[in-house]
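First subunit A sits with subunit B, and in the next complex the same chain sits with subunit C.
For the complex of A and B:
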């Protein structure tokens, strides 16, 4: 009886997990990109986040928005991963389960701007990077506050400062290229 | 004007950011990934070893066998080669059984419980390895003091016994340092993350 209930739980958890991952894979991957340099690290981080989501799924309460809950977990894992980039999963065999293609047939200028945006974000301190990534993902100040634990006032001040920094970095590089 | 321009630039950056990777540009084989995650969870028991029914039964039977053999030999020649194992096996059995019974206190579908229970298992396994090293050292001392001379005075017998004790110790140290310590540290980190869901609050709210 208990085993049947467990099997049912696991099956429904699988369905929820696959749906959750399918709906949010781009969000997670963009976050991974902000915290890693190589493609290999990005895939490792993605997998770590997926493992944490899988484990945390039974604890999810509908009181929080799913995106808030997901970003909170993903950001935790990404920050830890960033501190410990040298740590690799022991004996883990890489299986090709992520295929990444260029989203749109961008022209060279757009592609260069995209790369520049990533470079500018990567140059930000970790806390600022977290806040900026969430801002670019169109999270509200309230959501960012719930995810990071920072106060809304603090976030407002931070975002205004980081925005200037980011735009300055982008303008500088565009000016440099011109 | 300046603010408007900034707002426009920011909107442009938001669009650019969201276009870098889209759901359509990613093909993730969720099922394959899920299988890998589950495989990782399934092999947890093999990695820890402590507290599985297999180990409880094995060490239980081993304890009974070693005690009987040791008693039989002690009655015959007052000394037993199995004495050390007759002491160690029941202690190991108690460790396994204790870990197995503790499992009932945890809801392993809850992340925190899952990590707490497995951390306890690793800690117990580490404690057991510390005790067993002590027993092996005791065995070496007994061998040196000639405790087992009555059983056989043959040099080969002494060399084999010493080799078994040394190999047991080396294996224990290797497992402690290279398997259990990293596992314990990872579990501790994971548990810390779960209990502190706001990693950047402490140093950033200032």
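For the complex of A and C:
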């Protein structure tokens, strides 16, 4: 009887987890992109985030928004991963279960601007990068505060400074290309 | 002024759209079965408090500790000071090694990735431990190793013995220098960053407290 209930619980957890991952795969992948350079590292980080999400899923309480909870875990794993990357060997046992196709239906100029945006974000210090990524994902100050642990006032000041930096970086590269 | 603000808002809005369009859900595909199989495999490894690697480390530790004790006992029996010394060196070395291994594993499993504060604290403890080991403990271990080697060679200075001890010691010293450089150049700045992030977090939490 208990075994049947356990099996049902695991099955239902699997369904929830796959749905969660499917709904948020692009968000997670964009975040992975901000913290990694190579495609292999991106896929390794995605895999690590997925493992931590699965581990944390039974402790998720509905009073927090699922996106806030998800970003918090993903960012913490990404931050740790980005420090470990220097010391880490590529994961030899990596299974290519996730595939990212280059989706841009856009023209070359838009593609180049998008690449530039990613480069400008990657150049930011880790904490600024976390805040900016969440801002670009359209999280509210309250959500960013819940995810990063910083105060809303602090986030407001940070975002205003990082926005200037980011726009400056984008302008500089456009100026450089012109 | 208002025009500037509105232009900046437009630019930021355009960046947000560009960011969200850069990778869309359609562009990421995965196989559910493979996802679950892979996750289960990783979880199995994570959920073992002592994974296969730890068992092999413990087995190796027990073997070397037994050898060290046997050497020390034999040293006492035949009155060979160098053997007693090597025995003690071995016991201290492998005890520190085992304590460190157990500590690292314990910290790894204390991590709670959904709590930012716990995450920073756990990581900081781990980094501080690594710095303490590399900068404070290791030089004493190396000094002890050199002392034991010199005493040992004092009693028995056959050429092949001198050559092999010198070769082994050189490898250990080179690795130790590399590890110290890493601790100074990479781990100390990381510790400072983590401390500052934790302090910022504590300050922001105390701001919230009425």
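Here, the second predicted complex is superposed on the first by the 170 of 178 C-alpha atoms of A that agree within 3 Å, B and C clash if a C-alpha of one lies under 4 Å from a C-alpha of the other, contacts with A are read in each partner's own complex, and residues count from 1 in each chain.
Here is the rule we use: a residue touches a chain if its C-beta (ideal position, glycine included) is under 8 Å from a C-beta of that chain, and two chains touch if they have at least 3 such contacts.
Just so you know, these numbers come straight off a predicted model, no measurement behind them.
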- Given the superposition on subunit A, are subunit B and subunit C in a clash or a fit? clash
- Message: Let me test your reading of the model: by the given contact rule, A:59 touches which partner, first (subunit B), second (subunit C), both or neither?
- Response: both
- Does the superposition put A:21 against subunit B (first), subunit C (second), both, or neither? both
- Message: A:154 in the overlay: touching subunit B, subunit C, both, or neither? Say first, second, both or neither.
- Response: both
- Query: Once the shared chain is lined up, is A:130 touching subunit B (first), subunit C (second), both, or neither of them?
  - Reply: first
- Query: So, A:138: does it touch subunit B (first), subunit C (second), both, or neither?
  - Reply: both
- Message: Tell me which of 97-105, 133-141 or 169-177 in subunit C produces the clash with subunit B after alignment on chain A.
- Response: 97-105
- Message: Considering only the contact definition stated at the top, list the common interface residues of subunit A for subunit B and subunit C.
- Response: 14, 17-18, 21-23, 25-26, 29-30, 33, 47, 50-51, 54-56, 59, 72, 76-77, 80, 95, 97-104, 110, 113-114, 117-118, 126-127, 136-138, 148-151, 154, 163, 166-167, 170
- Which residues, counting only subunit B, touch subunit A once they are in their complex? 6, 9-10, 13-14, 16-34, 36-37, 40, 109-111, 114, 182, 189, 193, 197-201, 203-205
- Message: Quick check on the complex: what are the subunit A residues that touch subunit B?
- Response: 9, 14, 17-18, 21-23, 25-26, 29-30, 33, 47, 50-51, 54-56, 58-59, 72, 75-77, 79-80, 90, 92, 95, 97-104, 110, 113-114, 117-118, 126-127, 130, 136-138, 148-151, 154, 163-164, 166-167, 170
- Query: Touching subunit A in the complex: which residues of subunit C?
  - Reply: 8, 11-12, 15-16, 18-32, 34-36, 38-39, 42-43, 46, 112-114, 116-117, 119, 123, 186, 190, 193, 197, 200-201, 204-205, 207-208
- Message: Which stretch or stretches of subunit A touch subunit C in the complex?
- Response: 14, 17-18, 21-23, 25-26, 29-30, 33, 47, 50-52, 54-56, 59-60, 69, 72-73, 76-77, 80, 83, 86, 95, 97-104, 106, 110, 113-114, 117-118, 126-127, 135-138, 147-151, 154, 163, 166-167, 170
